[in-house]
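One structure, as structure tokens, below. Some questions next.
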Amino acid sequence: MNIKELYQEIILEHGKNPRNLRKTDNFNKDAKGYNPLCGDNVHIYLKLNEKKKVEDASFEGSGCAISMASASIMTDLVKGKEENEVKEIINDFLGMIKINPELKSKNLKDDERTKLMCLSGVKQYPMRVKCATLSWHTLISAIDNTQEEINTERLD
Amino acid sequence: MNIKELYQEIILEHGKNPRNLRKTDNFNKDAKGYNPLCGDNVHIYLKLNEKKKVEDASFEGSGCAISMASASIMTDLVKGKEENEVKEIINDFLGMIKINPELKSKNLKDDERTKLMCLSGVKQYPMRVKCATLSWHTLISAIDNTQEEINTERLD
Amino acid sequence: MNLSNIKKEFPIFKNKNLVYLDSANSSQKPQSVIARINDFYSNEFSNVGRSVHALSIAATNNYENTRISVQKYINAKSKDEIVFTKGATEAINLVANTFGQKYLKEGDEILLTELEHHSNYVPWHYLRSLKGVKIKFAEVNEDGEVSIESIEKKITSNTKIIAVTHLSNVTGAILPIKEITELAHSKGIPILIDGCQGAPHLKLDMQDLDCDFYTISCHKMYGPTGLGILYAKKKWLEELPPYQGGGGMIKEVKKDSISFGDLPNKYEAGTMATAQVVAFDQSIKFLEKIGMNSVIQHEKELIDYGQEMLRKNNSVKLVGNPKKKGAVLSFTIEGIHPHDIATILDEDGVAIRAGHHCCQILHETLGITATARASLGIYNTKEDIDRLNSSINKCKKIFNLK
Amino acid sequence: MNLSNIKKEFPIFKNKNLVYLDSANSSQKPQSVIARINDFYSNEFSNVGRSVHALSIAATNNYENTRISVQKYINAKSKDEIVFTKGATEAINLVANTFGQKYLKEGDEILLTELEHHSNYVPWHYLRSLKGVKIKFAEVNEDGEVSIESIEKKITSNTKIIAVTHLSNVTGAILPIKEITELAHSKGIPILIDGCQGAPHLKLDMQDLDCDFYTISCHKMYGPTGLGILYAKKKWLEELPPYQGGGGMIKEVKKDSISFGDLPNKYEAGTMATAQVVAFDQSIKFLEKIGMNSVIQHEKELIDYGQEMLRKNNSVKLVGNPKKKGAVLSFTIEGIHPHDIATILDEDGVAIRAGHHCCQILHETLGITATARASLGIYNTKEDIDRLNSSINKCKKIFNLK
């Protein structure tokens, strides 16, 4: 395994210039996440319309390249999708980043799948998996409105 | 080293039938000692006359054969001796029980020296040295009137 | 694993003269445990936790693996219910301190038994002076047991927690802890089991037992020194305040406030006993390989054999005669102080302990100042008991007893 | 002992690729320490204390020997001033808890510094909630130092204890602890020195330093995990109440009262980390054999070399620039998060740590969320620093930095 597979150009680019790093106006769902290991923190904002379709997604926070890129790619990707679809994608992503070799979700377009697979290098770096998954867990929390701050130390 | 050198007949005999196991009437000096290791405890009583000569010595307490024999022999031996002589004998005994091969005190008669040397086997049993010395340390405390309970864990 | 050959697994018994009967004090260690410590320090050492380099990741995984092994071994519901401490004593202090802090006030009662080890009394005693709580002691009967009735008798509406030993380190009595737990819970009282002597000798199932707290001393369980375990139901670990403060147990630290980490980190402040935790996995594997059924059967045979032999021996008096007994043979000999017994036995290579075994209250209740105690481990044999008995006879001879 | 060959004494460096720069977290262990643990468990194991059999006597002597070695090593007045704990964190908790209990009341102030490790803050924080005391922080300057003046500024008539680090585990600043101690004592205030990072790298002389408490973390000092040391002046150990309660620390236990043992037993409740204490004697012998003068000189050369090299490296920014600095090189690289640095370095076998290093307050003060930290041990070499530097360059390349 080469370190360059972890730090692919697309990750570095998203890490450096994260998309959606702002606070959505009139958001109607949000949640905070924290990774005590890195000190990474993230705040996810969602705006869903009446049909539960994501009109906007954004985040605030700071962290390592992996966590920033992951949040950036994620928020880009969920825009325009329906809540159910988003949940399905999250599961697919979390499965892939831990064990599955591939993404299976039908709700992902080919280019989206390719982009997400850029994060798959993390699998070989167990301590960094949490960096990649923090924003995703926080997204679940936002959708479910659990009001509970995500703390990656609680996650396996 | 044979265990029989530790448990010589004279020790067993004094251990079983300790002399002076009582409380001196009108004692004018006393002190308590405690050995947390064994739970042994001893209370020494002295009656000194105006010339600081020991008129009577006795003890109360319970403990192992070594500690009972030691207190028994000790109280027998100090009777009739002067305070200074007693102190000198204590030092001599404590030196012998730890390192010195012999007792050197001029204040000991030959038979007294022989009797004390019966306790010398303890030297080979470091955990039991405190059993043999408890009453002697307590005697110092009584003479000096320190009011402090002797605790063998404080002693080296 | 063949129990008749088990001494071979313990390097200490290369000394063929040694009859080790002091396992209630601390057990010997099998080669696999010793080797694991050696390997870990020699090839894998790193601190666990927050470093991201390869050694640290591997060490952290090993450390957390032991937590999971312990969880499975004692059938706890969650790995987060397993807290590593420096010993059982610390585990009990942790509970007494945090439970006392949050839930106890003047007039409340803590219920112990007369069998308890100082480690399951002194920590509660602190609350007496600090908070004005009362301590009650369920009585031991003449067989050295504490019955469910004697516990029940001392429960009042003020009883706020019960703390009892699983297996007495003096009389060997195995307490009916499942019944005591049911009784306690029927009155809404939480219960701590001091499992120091239970864990090495009995089967453990936390979900079946349903106790609130269970404490283990790893060095008595064929594991390294400097390590203990607190099992506690998750709700308690969540509700109780943290104990020691330091690195690793916090979430966020500011100048005016601190928030604490999640379980089990909340209770593991500072650098932990990493190598010891990693090696303790081997202790559990060792016991699993033998199987607790075999351990229990083997030790029961020894206890029965030993009791019979000592009962037949004139002037020897067994201390306690509990119906359910494990691992411990305490005795006195009329006319010989236990410390003299221990010294003479030691001369023959027979290692026992003499004294009050950190149970002064029990000894006072029984009216004896000290006892001699032969305690068993998985490695003991009937020959060891024979050697014990013949050394006792030597004692008697030296002291001119019949 | 030849320092150029010193890696040979540490089995972990059979892995030639390893550049271990995480010693401030925990140090590697020399063969002599590992072998001592192995030997002790294999041939000599017994619990210490109150058994009278031969194994126990020998173990107790070994255990107490280490206490005397430590006493001599740090030039304490008496061996009774050396208390073994499970770690430095516990040592600080012990002092905060017992000192707080006896001497602190609402409105009293505790003076720390902005440099402190969480282990020297959280234990004091508890007293804030429990007793209503205040915590003040002496300020760190832009070089990452805490000066005597900045301590003096924060002392008031309410200051009841001062607790400061000897050597910062982030900036490497060596504090003027002798002057701070004099200042504190001139105002009648006792002082605790957190010596976790000081002890492995500097000469210690308690009688000269005259501090009231000094805490040591043995696993950072080439010793086993699960062991720490509290040095405390005898008068404090006598006057303060006991900490944890349990076996071994008591004198007499009755149903309604307890009296406590003498020093140092009073503070060593329960079964201690016997094997670890016995082995730590070898850590001290190891350091004595090299000689602290050589250690200090060797590490100073490395620090100077490393500072120069990293200063020359574009985009690398050293964190802290203290005049007196030891053992630690913390840095950031503009545009690369420390965790990414650590992961990339690790790929080359260069083990460093990234994060806040349990010093969140310092990081907040410095306005950075995390730093990368390379920390040194006696086994490091200039080649290690070269490897660090070239891996940093690789990082920069991956992140397209100049």
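By letter and in written order, the chains are A, B, C and D; residue numbering begins at 1 in each of them.
Quick note on the criterion: a contact is a pair of C-beta atoms (placed from the backbone, for glycine too) under 8 Å apart; a residue touches a chain by one contact, two chains touch by 3 or more.
Owing to the predicted nature of the structure, the values given are computational and were not obtained by experimental measurement.
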{"item": "Distance between chain centroids, defined by C-alpha means - chain A, chain C (Å)", "value": "47"}
{"item": "Geometric centre distance via CA averages, chain C-chain B, whole Å", "value": "39"}
{"item": "Averaged-CA centre spacing for the pair chain B and chain A, given as whole angstrom", "value": "80"}
{"item": "Gap in Å, rounded to a whole number, between the CA centres of chain D and chain C", "value": "31"}
{"item": "Overlap residues in chain D, where contacts from two or more other chains coincide", "value": "50, 52, 56, 252, 339, 343, 354-355"}
{"item": "Residue numbers of chain A (touch at least two other chains)", "value": "37, 125, 127-128"}
{"item": "Contact graph of the chains (line, ring, star, complete, other)", "value": "other"}
{"item": "Chains that touch, pairwise", "value": "A-C, A-D, B-C, B-D, C-D"}
{"item": "Of chain B, residues touching chain D in the complex", "value": "34, 36-37, 125-128, 151, 153-154"}
{"item": "Complex interface listing, chain D residues touching chain A", "value": "335-340, 343-344, 347, 354-356, 363, 369-370, 398-400"}
{"item": "Complex contact set, residues of chain C against chain D", "value": "11-12, 14-15, 18, 20, 22, 25-26, 28-29, 31, 33-34, 37-38, 41-47, 50-56, 86-90, 92-93, 117-119, 121-123, 125-126, 135, 137, 217, 219, 224-227, 244-250, 252-255, 258, 269-276, 339, 342-343, 345-346, 350-355, 358, 360-361, 364"}
{"item": "Residues of chain B touching chain C in the complex", "value": "3-4, 6-7, 12, 16, 37-39, 62-66, 125, 127-128, 131"}
{"item": "Chain B-touching residues of chain D, taken from the complex the two chains share", "value": "50, 52, 56-57, 60-61, 251-252, 261-262, 265"}
